[in-house]
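This structure is in structure tokens; I'll ask about it shortly.
By letter and in written order, the chains are A, B, C and D; residue numbering begins at 1 in each of them.
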Amino acid sequence: MHGITSSRTVWYRRLSIGLALAVFFFALALPFALAVLWSLVDPAHPWAYPAVLPPVLSLRRWLEVWTTSALPQALYNSYMLAACVSIATLLLASSAAYALGRMEFVGKSIIHLLTLVPLIIPNFISAIFFSALLIELDVYSRFLGVLIGHTVSLLPYAIRLMTVSFAMVRQDLIDAARDLGASPLTVFRTAYLPVIKPGLLAALIIVFILSIEEFAISYIVGAPDFITVPTILYSYLGYNFIRPNAAAVSLILVVPNVVLMLIAERLLRSADPAIVTGKG
Amino acid sequence: MLKKVALLMLATALPMAIFNTKAEAKDLSQMNWEEIVAQAKAEGRVNWFHWYFQDRFREQVKDFEAEYGIKVTIPDGDGKANMDKMLAERSRAEGDIDAISLGGAALQTFKSDELLYGPLKPLLPEGTKLRYAIEGVDNKGYAPAFWGNQTGIAYNPARVSADELPHTLDEFVAFMKKNPGELGFNVENGGSGPAFIESVTRAIVKDIDYTQGASSPEKLAKLAPAWAWFKESRDGYIITASNADSVTRLNDGEFKIIAAWEDQIAGLQRKGEISKDIKLYIPSFGFPGGGNVIGIPANAKHKAAALVFINWLTSAKTQAKFAKTFGIAPQHPDADSSVGLIPAADRKFSTAWSAKPFGDEIKKAFTGQVLQN
Amino acid sequence: MTNNQTLKAYLLLLPGLLPIIAFMSLVVGMAVSQSIGFFNFSGADQFSIQSWREILSQDQFWRAFLYSARTATLSAILSVLLAYPIALWLRRPFPGSDLISAMIKAPILVHGLVAAFLFVNFISFQGFLNVALVNLGFTASPMRMQNDTYAIGVVILQVWKNMPFAFLIIVGSVRAIGDDILDAARGLGAGWLARLRRIILPLTLRSLQAALVLIFIVAAGDYSFQAVAGPTSVNSLAQFMVRTQADNGANGWNEAAVVAVMLMGLSLFGSLIVAGLTQLAVRRMRR
Amino acid sequence: MTLMANALAVERASLRYGTFQALIDVTFSVGEGQLVTLLGPSGCGKTTLLKAIAGFMPLDSGRIEISGRDMQGVPPEKRDTAMCFQSYALFPHLSVAENIAFGLRQRRIKSSDIASRVAAVAQQVGLSPQLEKLPGQLSGGQQQRVALARAMAVHPGVMLFDEPLSNLDLKLRDHVRIEIRALQREHGFTAVYVTHDQQEALAMSDLVIVMRNGMIEQMGPPEQIYRHPVNRFVADFVGTANIMPVDVLASDQKSGRYEVTCPFGKAIIHSATPPVGSRIYACWRPEDAMLTSEITEEENRFTFDISARTFLGSLCNLALSPRNGAAEAFFRIQTHGFTPVREGQTVDVVIPPDAIRFLEEVVA
């Protein structure tokens, strides 16, 4: 009897995994495959009605997008900005994360909530009125504007991730190191660093990715001349809609981030997955 | 809060102060063209704020870069954002914009002599040959036209034969009744759809002077019959997301006809993005045509380079090449005349855009009265 | 001693917290003060409710407001409804469950604009779905699904993008329920429905509410999905705000500020209402 | 013993997790109103057996009957059982009263009846003042009572206890143990009680079932388990035992007198049952041995060195090594706490012949 029930549960399980795979295929794999296909449409041979498949495939589209569009500039802007943002964010976040993770003080829970405020203000509101503020203050540097905007709106993620890391450092290790006469630097190296390093790196990577993906502030504050990969994609999806180019830019936006995110996830594997996304 | 503002100001003002200390260059009007070109080469770069086909213009300007050794940067901003930036930077000693493309009628809404450097007419070697009055607006020599374009109806011969095409308002009604959802036009992101709206309005409401830009509630109220026409045929047409979306979906076979820019269709065809079979015509009740101009903001950093660039852009050679590559109406009298898509016989149906801001109000009223009602 | 510690903690908090508080209060303050006539770019700074009157009397604004409220509510509820059973299913690991949770989390890695593009590409007139439907003989001619009037596309995208977040939030709390507690309920005669109603739902209420609030706020403030895949006949509030700012010259800032304040109000009160109603529903079910 | 209906019967129950055999052919039955303890070390299958009875784990083979009804395919929620968990498994979001009422609600009992039953059960376990509190606000002992009350409230055919006292401190444990036994006697409910604590098992059971490796090693009343363990495992697990291999030299089955050699010399054993082999194990309890200063017996008198003395207050444990023969072996005896002996001293010890039992296990 049990043999039958167990084979039935195995069968159910296989069916449900199959179903999940099918949903995954239609919801993610197939659309991406189509994007790859569209990005390979040869520029000289349009994929037009009534052709069901593109007539000629080539890599020329990629070459063309690379050489004529603002993509190299956008990539440079995005990655340069993301690097600055993640370093600035980490520098600002670490002492706050230390306080939240390792100290007890009055009003801690309120402070905790306050750090999350940027997450609940709709992005476009911060973007528009931050740009109004920049006009009011006569700040013309788009880079500076976007840098400040990104840093502040991504601070919550860094603070949260690093708070968890700091909280995981064991007090007995710190005490032991100090008891054995270690200098503050050695204490940091032996007791703190090994524990907070994964969280630190993950925070760095996640802020980096989120900065690259950020659209509202880059679009509103960066307009018109500070372009990032998402703003260029938005233009390809809107005013300058050319499907094959949009497909190529989409892939360029997604693929590196997926790789980075997998690394971050690996670093944070021991931690709660909700922390990785920071939105929990 | 004021304290914070003050702090932030202080923090941002410091680096600004360092950047803004460069001395003004010698006034260009005192130089001859050779001196201007020399000055331009010394400046070495020009930031051209332009809002469409940026990637293809990057190809085109390579000729200019090769000829003068001046680097052209074309950011990807949209037209509205470019204008906002110019307005926002007007009080700055030196702005980021060296040359800015503007819709022909854009200069009606603000004073070109405050915002723009010039007039350019006397500064450009061929300045007197160029066109400064376009879409019913004369910008007094501040911004020469470099792009002539026409709106019309594009159709996909794979879906519809030439003799089925509607040319009058009644034929449009009949077409939409017979082919519901086969006509596409946009409201946002581009002027081709608004051109259709404006043309229909103009054909239905005749007792308005469309060359007068002033807008009033009474004037707008007169447009009601046009909105009734659109509402009655609501199932007949589809609103698309942009100029480009209309074209893409026409190319996909989704629509039989769309409102479109001649230059956009031609440009995409010559690039190979869309089928070469797609054709264009102007219905007999007329579709607006116009063009775009280019000017130099008063606080441009590389004025000489911008001037040399504008001279190149509006030259007969470049205009002739644009006509071939993009299908535009060339704006230099010596350039080959247009090799456009629209049959020559239809050209007579071209009308001027209705003056702004009333022209913009028509579009907004359409959104309010027809779409979101 | 404790005071000293608190002082030290606050000093340490300063570099991280000050930018957040300064930026957010400046931005929100800017929006609120612009909405009532201050920081006016076109005229004198003075208190005026002109912009409020202007915006609140517009049909288009209210349509945008209701539209955003509706899509946000729908997206939040649908995402949670979808994520909840999956979280229950993956409560305990089984062979293949890691693969499934990895697949569920995948959309987090896909940028919203990319998702919108992929979706529009998929359902477009010449897209895969239509080609498949026509070739399989389900429809005679392709269906027009792009930018649909009822914003089904936008809701699908919102659910696609936000369901993983709901899943991550909920699965943690579902996993935190001990087997013993469920066994105890079972032993006391509770079938699966009774366990769900009386034990699991009440114990996961907080995370349910967190997921709803988060998705509601994200969806209410949506711009990209609406701009790419939304109906052309109506704007989302964020889109309306950007347009109001862009289309109305210098006055646009003040009117956009009104929209911004209303959007913040919608995010705050809308999400609170959704969370409150959930609590009521769960309370009632518990009986 | 009167003939009682079986409240619970388990027949040849077997259960496997993957390759691990958790239960092997387990058979026993429990009479109405009896308290049965499943005793064994961790991993012996006792909790698995309890969960199989509750229905949380389906058997691979065999059957379980509750009140004469076959439970095959009956889900836990439909079985007439209620379980007290080691973790208490109280519903943290429900008040004490709601926790107790949970099972009653599930049984669709009128709400007025529920209220009175909750009040009555709470009264019995002494929780009346705590009814409106949440479990998190109670002490461990109080939580334990809520778990007990919650299970009792539904008047289950069989109550199942999964090490219910293991999270309590020692004093409280004794107290609650007595209380549970009293309640069980008073209400006459049938109970299966899982524990690894042999004292608990001996103190409260009608029947003790000793398990190891998924099998029943021995079952019987507590005295029988303690007095007559069948093998080294039971002898050692239940109480403390001196286990030694013996060779049977001479036997007189009629009088039940056997002469054996054991590690410290020749000994006499009185046994009602004959040994199962000539070289088998025997055991005796430390408290059965007497120091010769207390008594003057000559039979089974042996001389030992005291190698360790542990003072326990009222009692005193001595570790002894035999004077002659196997120096490796150690034997434990227990005497009064005031016994005046020192480590290193030599003592004579008498082990009464009927204190030594043959185990049913031959020396391999």
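FYI, a residue touches a chain if its C-beta (ideal position, glycine included) is under 8 Å from a C-beta of that chain, and two chains touch if they have at least 3 such contacts.
Note that the structure is a prediction, hence the values are computed from the model and not measured.
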Chains most often in contact, by C-beta pairs: A-C
Chain whose mean Cα position lies farthest from chain D: B
Chain centre separation in whole Å, for chain D relative to chain B (CA means): 92
Computed distance of Cα centres, chain C from chain B, in Å: 37
Distance between the centres, which are taken as Cα means, of chain D and chain A, whole angstrom: 58
In chain A, residues with contacts to at least two other chains: 49, 133, 135-136, 238, 243
Overlap residues in chain C, where contacts from two or more other chains coincide: 26, 126, 227-228
Chain D residues counted as touching two or more neighbouring chains: none
Footprint of chain D on chain C - complex, ascending: 178, 180-181, 183-191, 194, 198-199, 202-203
Residues of chain C defined as touching chain A within the complex: 2, 5-6, 8-10, 12-17, 19-21, 23-24, 26-28, 30-31, 34, 39, 41, 89, 94-96, 99-100, 103, 105-114, 116-122, 126-128, 131, 135, 160, 164-165, 168-169, 171-172, 210, 214, 217, 220-221, 223-224, 227-228, 238, 241-242, 245, 253, 256-257, 260, 263-264, 267-268
List of chain A residues in touch with chain B within their complex: 42-46, 48-50, 65, 68-70, 74, 133, 135-141, 144, 223-227, 231-232, 235, 238-245
Partner chain B, residues of chain C touching it in the complex: 22, 25-26, 29, 59-60, 63, 124-126, 142, 144, 146-147, 227-228, 232-234, 243, 246-247
For the chain A and chain C complex, residues of the former touching the latter: 13, 16-17, 20-21, 24, 27-28, 30-32, 34-35, 38, 49, 52, 91-100, 103-106, 108, 111, 114-115, 117-118, 120-126, 128-130, 132-133, 135-136, 148-149, 151-153, 155-156, 159, 213, 215-216, 220, 230, 233-234, 237-238, 243, 246-247, 250, 253-254, 257-258, 261, 272-274, 277, 279-280
